[in-house]
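Provided herewith is a single structure, encoded as structure tokens, for subsequent inquiry.
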Amino acid sequence: MIYLAAIFVCLVGGAAALVTRSDKSRPLILPVVGAVHFALAINIIWGSPVAPSYGILHIDPPGKIVLLVVSLLFLAISFYAVGYLRYRLSRSNRVLCFCMLMLLGAMTLVICTDHLGVMWIAMEATTLSSAPLVYFNRTRLSLEATWKFLLICSVGIAMALLGSFLIAYSALIRGLTPSMSIPSLIQQAPHLDIVWLRAGFVFLLVGYGTKMGLAPMHTWKPDTYGEAPGMVGAFMSGGLTSCAFLLLIRVQRILAAGGQGPWTRHLLIFMGLLSMLFAAVFMLGQRDIKRLLAYSSVEHMGILALGLGIGGIALIGALLHVINNGLTKGVLFLSAGNIHRAYESKSIPEVSGAIRRLPVSGTLFLLGFIAITGSPPFGPFVSEFMILNGSIARGHYFAAVAFLLLLFIIFLGMGRTVLTAVHGRPSVAARHTPYQDNIWTAAPIVATLLLVLIIGLFIPAPLANVLQQAGTYMGVKP
Amino acid sequence: MFASLITKILDVVILLMMPPLLPGIINRVKAWFAGRKGPPLLQTYFDLRRLIGKQSVISSATTWVFPAGPFIVLGMVVTAGLLMPLGPAQAPIHFEGDLILLVYLLGAARFFTALAAMDTGSSFEGMGAAREIAFAVIAEPALFMVLLVLVTAGWQSSGVSAVHSAAGGLSGYLSLSTLLLPSAHAVVSGRMQAALILSAVALFIILLAECGRIPVDDPNTHLELTMRHEVMILDNSGRLLAAQTYASSMKLLILSALLVHLLLPRNAGLTDLSVGAWILCLLGMVLTVGIVGIVESFMARLRLKLIPMLLASAFLLGGFAFLLLIG
Amino acid sequence: MLTAKSSVLGGLISALALAACSGLPSLAASRRNAGRMISTTLLVAGCALGITVLAGYWLGGAPSYIWSLPWNSPFGPPQIRLDALAAFFLFPVFLIAGAGSIYGLGYWAQKNHPASGGRLTLFWGIMTAAMAMVVLAGQMVVFLSAWEIMAMAGYFLLVTDDSQPNVRRAAWIYLIAAHLAALSLIAMCVLLHGMTGTFALWPRRLPADPGGISVAVFLLALAGFGAKAGLAPMHFWLPDAHAAAPGHVSAFFSGVMLTMGVYGLMRVAAIFADPPLWWGGTFLTVGAGTALLAGIWAIAQTDFKRMMALSSIENMGIIAMALGLAEIGISTRSPVLAALGVCGALLHMLNHSLFKPLLFLCAGAVIHAVHRRGVEGLGGLARNMPRTFTVSLVGALAISGIPPLNGFVSEWIIFFAFMVAGSTSGPQATAALPLAVLALCGAATFAAYITWISLIFLGRSKTDATAIAHDPGRSMLAPMIVLAGLCVVLGTVPAALAEILNRAAGAWSPAGPLPDIRSIVPFHIFTVLGIVLLAGAAIVGIALRRHRSRRAMPAAVTTDLVPAFAAVETWNCGFSPRVGRAAYTGGSMLQMPTHWFRSVIRPRWLRPRIEGIFPLPAEACRESPDPLLDYLINPLAARISRTVDRFRRLHGGKSQIYILYMLLILLILTLSIFVTA
Amino acid sequence: MISMYILNAVLVLVILLNMYALGAGRMSSLVRTAAMQGVLLALLPEIALGSRGLMPFAVTAITLGVKGMLIPWLLLRALRNTNVKKEVEPLIGFMPSILLGALVTGTALTLSGILSAPRHPLGLMVMPTAISTLFTGFLLLTARVKAVTQAIGFLILENGIYVFGLLLLAAVPALVELGILLDVFVGIFVISIILHHINRTFDSMDTRSLAALKE
């Protein structure tokens, strides 16, 4: 029961966090859990050639990729958290540590199940456990952000529940035994009622799309990521959204088995491009670096949806992009968090000359920007290139043109702010804040960025293997 | 072989000896029209001899560019002259594409004239140099257009198109000495003649501009504000002035030779040693400068802002000629 | 036993690795000069190794090599390929990178710029390696990666002095253009992959393309590579970037980075065995337009680095024209025209990457000496900086195409190609018309560089800014002298390059072998001409050797050639002789052509109001910003940002509205349920 | 058969409660309406399907406790504690809201034949009721000013999904069902806590003060 072990580790860690008294030593639980979880994740992903299945607990190849991202990202964040929380001793981090671990556990459950109902439960659990994380700063703005996050995501997740029911209903209406388990749904798929199946997909798309942050359900994202601590933003934008995307992949697979593949693809391409468009519009002239990153997350969710919608090599690209986006978002949010600490502001023009004020974090932020906008030699370039390649190969010329144009606009919007923030001279006030880069807050970011760089240069064989598995699983012809 | 040696020597002699005559002719023509007696025909020769013997006055603001300039200019113009067939025979130096070199050498001469002028640091010389280089921006394309017409006409009349021939088959069709010396077998069309006449008109305008004649420039006035070439050499004296004067008259010779050859009938079939042909060519040059003199007698210097129009019209004439030719 | 192939690969890879890592010591020891010295040594060693390998490669007959690297990538193994064309473009990369880095020792000295010096050195090395890799790339992903790394490294070189707002602005515009170019190239590569089914670069001699994809490929390549080369209208980033960068960085950009665009254009031009005629026509038109506009814009500039940048654009336009002629030659099956065109383009590219860096280095030396960028207020520097003056003059003569310097040879070939093109029958003879543009550009270049040379070095100083100026140190002077020497050598002995040109042209030609360039171009005559002219200049020089006059006049000198110079003041109509300020300025020198072409240049006249009987002292000046940037791009950007601002209200903070969005999208998607597939 | 009558009667009651919720002018009555709806729905499986064992019974009991008592108590406490106005502030008026709700309900009822599964033991009323309730929830979420009203809207939205879930009781394992319910409860619980914080921090329930984060 290796899946349960991975979840159990988080629960135990959470319990330990609750009982630990010292705010100084409590964060150390995070790296411990992170390391164990990572080891278990490695075992799940590469431990056996065929993933074991225990009842509703099972991991599919796309899930392995997401699990890898989540676990890796958490590992990096957990080390970062130790350094970060040293600067935040003014308030208790008990809830923060507990909820981070609960979030990890819930995400692991999302990944390691093949039952739509359980997925929903776990997904709702992620919403609930991340709400206190958003409210960590205890300011009016963070309260407002939490409220909006909670309200919109709850409504969204309710839609997802309805969608899951609708898919089961599509079996019922044809007189079949309704089920919410994915293997049996795949089996039933050719006989399911098309209209209800499609309706189920629409609701699931809107529901999990909300969690993913696809436009126009993305409205919670800038507020939440803007007000949450950087590490929380990193974990949510890199891990949580990837989990939501995983659910869409799984649902899409059911639809495809039911012969509705082309229809879902059109929807996904539409939503993907719409998300990129919204992100592009709101990134132009965005002065708040964390909100900027939130919109970048919206953009990349759009890219993922687009890749899934296009299919073929683009789907492999999208899966690779899950890793690239997750890790790069980690780099960006964590370094933005450091900048936020150092400047006690997250908007230009207060933030300027970050490279001078924080040579390491500033440079990392800049490199993260270069990576996330799809510049080689970083990973996102490879995956975006694959998506573009796929869209041409499969005849989606309009999508390809729109994709490139929107990437350009996004580059403009993002570049303007990021470059203004990193270049120039820091203000006098910013030079006298206590924060300085240290090994805890810088090394995890450097390591993450190195991984992004490695993926950009070449795909390590084990990873290529998992990608290939996922491709075969999703019916991509090599 | 012997004949070609003779013609080459003849060519060099004309090139070196004849230039100072031309300003004299112009001045005589002008004087005749004005009803004056005018200076002697050989006045420029006398001036040159006197200047060579004189001491130079050199500004302390200058560098080596100033004294070297006139000699470099002279060297460039003489080299250019060696590329131009003055009579009915091939020039002393001729090769594939020498016509491009000719323009570049004249350009180099202009470069150093302007540079030497700027070396004095005087605002008067600056004015002259500014005008010189500004007018060149329009005059140069016009001159190239004329040459393009010449090349295209030459190729069309030869009946061969080197573009389609394989490796290395150009056989001299881009050389002034081939293009300007009509062969008896040339194929001539009315269209071609019209194009050549048009380009000759263009060339005449260019000649007026390049050699600093009225209506573009006034070589005689000493009101600095109206001058171009003369004001550039305002600080030159002695041998420096001699070199400049000599070089500018040689430029006049080269361009008028080009004009004359452009107007020779394309199928005239001139031979190297025919005395008549030599005299015809020389007379043509004299006639050309004579016309320059007539123009100078009857026209005033144009207003500065009209000069670009004049030069642009030369360019357009060349362009029309080309289109006429290939149309 | 090393084969020739593997030793070339090994040599090139080590050269690239040396270059790429050369900045690390300097970055690590940013406070000390030693790190910088080690870095520069490493880089120069890498460049020297690269040049040595190239020399060996040429001597070995320049065969075509392809290496597949053992590497796991979703796009097949990365490939590196070297052929004669690539080798031709590699040479300037190594040369200018090496020369520039030595120059940088003095120009951007570590002790004056401890922080940015290390960064500059680091990205200089990365840029060198990336550019070499762009040329060597044999696979799309390798190429795109190298391209983007080059663009980014260029950005960081550009923002070396990032405390200056104008530098940041120029860098930002550069980055926009670079990104636009990169995206175009990504799209181009994807389409190429769709066409050929392989990720290998560069496809050659493909049969005709039945679908219309090749049109898109061509246009995207033109946009992408054209933006890098600075072809109008994608040139808008270039003048500001070159003006804002440190001197040797401008030299690097203009001498080498722009040619990467040319390289790409050449590769794309060779895709089809029988390219459509309009390809060549488009190259020719775009090139002519670029050269014309840039030539005219250049003469209106008073900031001489902007002027030089515009002159780079102009030269890129000339190269594009030559490439267009070559392409027309291929399309019309005229090997002579094709050979002339491609050799003209290649040679002019090489020449430009010698004299333009030289000029930028000279400009940098002047800026270094007087700490100002405009030509205004300078003058008379030839006396303070005689060596800089001499090399600057060589550069100016070379770029103006004055024989016997190298610019003349390539311009001669291109003129020649035009004349050959004009001699075809049929409508393609109109291809000769841009000859006029080339002539105009030549004259405009003349005008611009005469102005530059004379206002900076000649005459009298207009202010006392020049009083302390002096020739730069050896580390700055040596690269300038080397480049100037190369300009002279290549101008006098162009035949030395003939074989290399032949091979490079052969490696380019998409349609069979081309005729030997030596059979068309009389290289030996250039050599004779060069020797004669140089000898003449030497004679004049010797004859003008000054020596003291025997007469007792103060400061009177005499020489063999001109007897008895009497040194007096310049005659100035009786006005106070020592007032340098009355002389022509950058603004006034080329005011006339600026005025003629004002509708294209769109200069801004800043005229003071002079009123009253005793008016106050006033200044008038002229600015000539880039019209495209000023009248199109900036207003457009402002309008777009206003429009976008209107959309921002969508995110107004009300949760009710947000939920309404969800309801709306739910409704829309629900409607799509009933769309049958 | 009798259970079918009761079922249909309860469902009609749920629809009526929807209308009442849309027209309710006082916060407390709105809260009570939602609670009553929750209680009715919790009892529904027991009434309609008879006893199915211990586990579903436990589910019913928990639902009753949470939806009928805990959540209303939390919400009412939030209302009582402060000096907020006790009136519901509509963005779309009460009457138009009711009309809109009625329109959607009517449409759903008309289309019930198409929407429902043939021969489903629970008959034709479930689907229209679910749609009506869902829409009511959405309307309260989007057309009311106060944060508490939004929470209640969400509650009603969940009720709608619950009604729909009745059709699929067979498809969902009891453990999963329990999990879903638990999540819903914790969700509403967390929302209530946040409401409480909002109340304390802003001294109002007005979402207009919750609009500082915007572009």
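The chains carry the letters A, B, C and D, assigned in the order they are written, with residues numbered from 1 in each.
The rule we apply is simple: a residue touches a chain if its C-beta (ideal position, glycine included) is under 8 Å from a C-beta of that chain, and two chains touch if they have at least 3 such contacts.
Computed from a predicted structure; not experimentally measured.
Colleague: What's the farthest chain from chain B if centres are computed as the mean of the Cα atoms?
Modeller: D
Colleague: Report the chain closest to the protein's overall CA mean, measuring from each chain's own CA mean.
Modeller: Centre-most chain by C-alpha means: C.
Colleague: Roughly how far is chain A from chain B, going centre to centre by Cα mean, in whole Å?
Modeller: A distance of 76 Å separates the two centres.
Colleague: Return the distance between the CA-based centres of chain B and chain C, expressed in whole Å.
Modeller: 35
Colleague: How many Å are there between the centre of chain A and the centre of chain C, using C-alpha atoms for each centre?
Modeller: Here the centre of chain C sits 43 Å away from the centre of chain A.
Colleague: If you average the Cα atoms of chain A and of chain D to get two centres, how far apart are those centres in Å?
Modeller: One centre to the other, that is 31 Å.
Colleague: Counting only residues that touch at least two other chains, what does the list for chain A look like?
Modeller: 147-148, 151, 155, 222, 282
Colleague: Among all residues of chain C, which ones touch two or more of the remaining chains?
Modeller: Correct list: 648, 651, 655, 659.
Colleague: Within the complex, which stretch of chain D touches chain A?
Modeller: 116-120, 134, 141, 147, 150-151, 154, 157-158, 161, 164-165, 167-168, 170-173, 176-177, 179-180, 182-184, 186-187, 190-191, 194-195, 197-198, 201-202, 210-213, 215
Colleague: Touching residues of chain C toward chain A in the complex: what are they?
Modeller: The contact residues of chain C facing chain A are 71-75, 115, 141, 144-145, 147-149, 152, 159, 162-163, 165, 168, 171-172, 175-176, 179-180, 182-183, 186-187, 190-191, 193-194, 640-641, 644-645, 647-648, 651, 655, 658-659, 661-662, 664-666, 669-670, 672-675, 677.
Colleague: Write out the stretch or stretches of chain C touching chain B in their complex.
Modeller: 299, 329, 332-337, 379-380, 382-383, 389, 397, 400-403, 408, 411-412, 415-416, 418-425, 429-430, 432-433, 435-440, 442-444, 446-447, 450-451, 453-455, 457-460, 515-516, 519-522, 525, 529, 532-533, 536-537, 540-541, 544, 555, 557, 559, 561-573, 580, 582-584, 588-593, 596
Colleague: Which residues of chain A touch chain C in the complex?
Modeller: Result: residues 147-148, 151-152, 155-156, 159, 195, 198-199, 202-203, 205-206, 210, 216-217, 219-220, 222, 260, 262-263, 266-267, 281-282, 284-285, 316, 320, 355-356, 370, 373, 375-377, 381-382, 385-386, 388-389, 392-393, 400, 404, 407-408, 411-412, 415-416, 419-420, 423-425, 456, 458-461, 464 of chain A touch chain C.
Colleague: Using the touch definition up top, name the residues of chain D that touch chain C in the complex.
Modeller: 91, 138, 141-145, 150, 207-208, 210-215
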